[in-house]
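Both complexes shown next keep subunit A, but they swap its partner, so subunit B is in the first and subunit C is in the second.
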Partner chain A sequence: MHLPDGIVPVEFALAGYAASGVLTAFALSRVNRQPDPRAAIPRAAMLTTVFFAASLVAIPVPPVSVHLMLSGLMGVMLGWFAMPAIMVGLFLQAVLFGHGGVTTLGLNGLILGLPALLAYGFWCAAGRRWPDTAALVAGSGAVALALAIFTAIVLSGLPVALDAGTETVAIKAFLLAHLPLVLAEGVVVVALLRVLRRVEPGLVPHG
Partner chain B sequence: MSRHGNLVGNSLAGVALCVAAGICAPQAAFSHAALMTAESAQAIRLQAQYDTGAPMAHAQVIIYAPDTPSDVWGRGITDRDGRFDFIPDDIAGRWSVQVRQAGHGVMAHVDISAGAPVIMATSPQDTWLQRAVMIALVAWGALGTALFALRKKGRPDASA
Partner chain C sequence: MADITSAPKTHAPAQPDPRARLVMALMLAFAFSAVGNALLLPVLGAVALAVLARSGMGARQVAVRLRAAGVLAFGIVLVLPLMAGTQVLFQLGPLRWHAEGLAAGLLIAARLLAIVTVTLALLAPLPPYQLVAGARALGVPALMADLALLTLRYVDELRAELSRALLARRLRGGKGGGRGLPDYGVILAAVLIRSHRRAENLWAAMRLRGYGAGGAPVLTPFGARDIRGMGLAAATGIALVLADRAL
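Now for the complex of A and B:
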């Protein structure tokens, strides 16, 4: 679920760069305020690799297949660090795998970064009291939100040459195919946090 | 001429026949003869697929001619295998064909000149080995970053 080059108008791509640039700068300034900003770098680096490689994990949803996003996981595990980590991961995916365009890097950063930060916010608010529920909502909600942002961008940037009706039907099918992913990513976050709580409670992120 | 060319030629002939029949039908009573010409033409066949290997079935196709690249020359829909055929006009230059569906899409170019058309599609898909190497390199970079940050945190390295 990455916007490739040549799909959205140029203004959209520029606005995407501006918005995700501001968001990344804001996230980094929040990271800088932490007592030890470097402390989270090892975790962020390793999770960036996981995020980068996850886009190759295709889940077959006949007749199509969808790939993992891990936006919610990045948010819960990294907090504000999720935004720069996602931008780096997306850049590497674009230049190495051709997943997503280079011109649309900013928009893709918004599509995946914004849900990650909101998942982090939700985890901070509810993670201590209801860890499993909060993890499920953060993981699943991030995918649902990313789908919503993606759909909004595509639909508002449809060129005149394209038949809007056909495209709308295609997008509905696309959203339907991603419903299992919404559930799957929630389960991934719940499972990972459960394992961490049991094996190494010190690694569990706290809100 | 290839089999496709013959098929296209036959279908063109069919279209010409229909048009001719349509024009001539009301005048059949006057015993006018129907004429038909047929010629073979070179068609471009494209196939669009996702990087998972799944075809882009029933996706929208938009074609731009080289002389008016901002105007749409033609539209169409791919078949269930992601294939689409079209016969370009006799306009030399780079034709652009975009296939898109649900926010995903790909652009291919066809250079038409006096010789045979040159189709410039997107690069072929990476093999799993190439992907594994890329992932390993990124993981190596991440590991280096992680160890660097840990060292900077105050743990002296062995050379210190």
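Now for the complex of A and C:
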């Protein structure tokens, strides 16, 4: 779920760059407060690579197949590092595969980065007491929030007004089509975090 | 599986340095994005094709890399007229294609294809490591440049490992549908655990070889070709924006 180039007005694209730039700078300032900020790079790179590769893996959820987004998982596992990691992943996807866009990099960073940071906040608050519930909310909630931001940006950025009735139908169809992804991502993140907490708890440092 | 860490072969003459290419790509992409008048679309196409011709990329490489954008552009042109506008152009049963939606769809599709073509022509011929070095030299934080370097170093390996694990699951007759979903979580967790230690060792080795971007970026002065290219891109972008406002 990436905004392609050319679909939103240039003012939106520039505002997206400014907002995601501020958010990334703030996230990096929090990362740099750690004793050795570069120590987290291998874990962040692994997650960025999985983010990068998982978008190419189709998971069959009848009647459709979905591509995982994993921004909630990145938030849970990387904390503040999720925002720069998502920006790097989006940049590489746009330049190497043509997924997403160069002008919409900032907006895409917000669509995936904001839910990741909220998932991190939720995981910090509830992950220790209710890990499975928190993982489900982080995984599914991040996708649902990303969908909402994506829809809002597309609808307000289109150069032509949509017919109100058709718009409602289109939004419902879009959300219905992505419901399998919302559910699938939650289940996958719960299963993944269960394994990591048991086998390699160091990889889930904020729970 | 394609090796994405190497650049496609081109037959281009000497090219501008990565920083200049990034600046040119961004200037042209944003200028194209600012165009709202359909009369300028042929100009966008001509500029994009001129940049593409200069890149020296083969027609097949271009076709492969533009395929996804082409499908998306076609979808936009097909669907937007169904959802927007009042003047009916064509009706098929309950479906009505409207003129206003078609005009908006064509504008979006043309901008999309022109931006993707220019980005592809300017950035795809670069080895990704040079691209990251260029971004670092333009002010991208060292932490993000290091992250990009390690991601690029590891992406092919992890994709191969993920593919192997998914194939093994299929061969073992893994459950289908929703009941099989937790398996994907377990597979991803196993791949993460296996890869993490290797990534830490790899990162330590890269740092020992002085591979990280941790220090200040190396800034060589722009050459005459770089300045000419950036100037031309800026002039083209400004001319497009002014023409769009004037028309």
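Methods note: the second predicted complex is superposed on the first by the 187 of 207 C-alpha atoms of A that agree within 3 Å, B and C clash if a C-alpha of one lies under 4 Å from a C-alpha of the other, contacts with A are read in each partner's own complex, and residues count from 1 in each chain.
Just so it is clear, a contact is a pair of C-beta atoms (placed from the backbone, for glycine too) under 8 Å apart; a residue touches a chain by one contact, two chains touch by 3 or more.
Please read these numbers as outputs of a predicted model, since none were measured by experiment.
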{"item": "Touching partner for A:103 - first (subunit B), second (subunit C), both, neither", "value": "second"}
{"item": "Which superposed partner A:28 touches (first subunit B, second subunit C, both, neither)", "value": "second"}
{"item": "Partner chain in contact with A:3 - subunit B first, subunit C second, else both or neither", "value": "first"}
{"item": "Partner, of subunit C and subunit B, that touches more residues belonging to subunit A", "value": "C"}
{"item": "Subunit B versus subunit C as contact partner of A:151, first or second or both or neither", "value": "first"}
{"item": "Contacts of A:133 with subunit B and subunit C, given as first, second, both or neither", "value": "neither"}
{"item": "Common ground on subunit A, meaning residues reached by subunit C in one complex and by subunit B in the other", "value": "4-7, 38, 41-43, 45-46, 48-49, 52-53, 56, 92, 96-99, 159, 161-163, 166-167, 170"}
{"item": "Residue ranges of subunit C in contact with subunit A within the complex", "value": "4, 25-26, 29-30, 32-34, 36, 65-66, 68-69, 72, 76, 80, 82-85, 100-101, 103-104, 107-116, 119-120, 123-124, 128, 131, 135, 141, 143-144, 146-148, 150-152, 154-155, 158-159, 162, 166, 176-178, 180-186, 188-193, 195-196, 199-200, 202-203, 207, 212, 214"}
{"item": "Subunit B partner contacts - residues on subunit A that touch it in the complex", "value": "3-7, 36, 38-39, 41-43, 45-46, 48-49, 52-53, 56, 58, 63-65, 67, 92, 96-99, 150-151, 153-154, 159, 161-163, 166-167, 170-171, 173-174"}
{"item": "Of subunit B, residues touching subunit A in the complex", "value": "50-52, 54, 58-60, 62, 72, 75, 77, 98, 100-107, 122-123, 126, 131, 134-135, 138-139, 142-143, 145-147, 149-150, 152-153"}
{"item": "Contact set on subunit A toward subunit C in their complex", "value": "4-7, 9-10, 13-14, 24, 28, 31-32, 37-38, 41-50, 52-54, 56-57, 59-62, 68, 84-85, 87-89, 91-92, 94-99, 101-103, 158-163, 166-167, 170, 183-184, 187-196, 199-200, 203"}
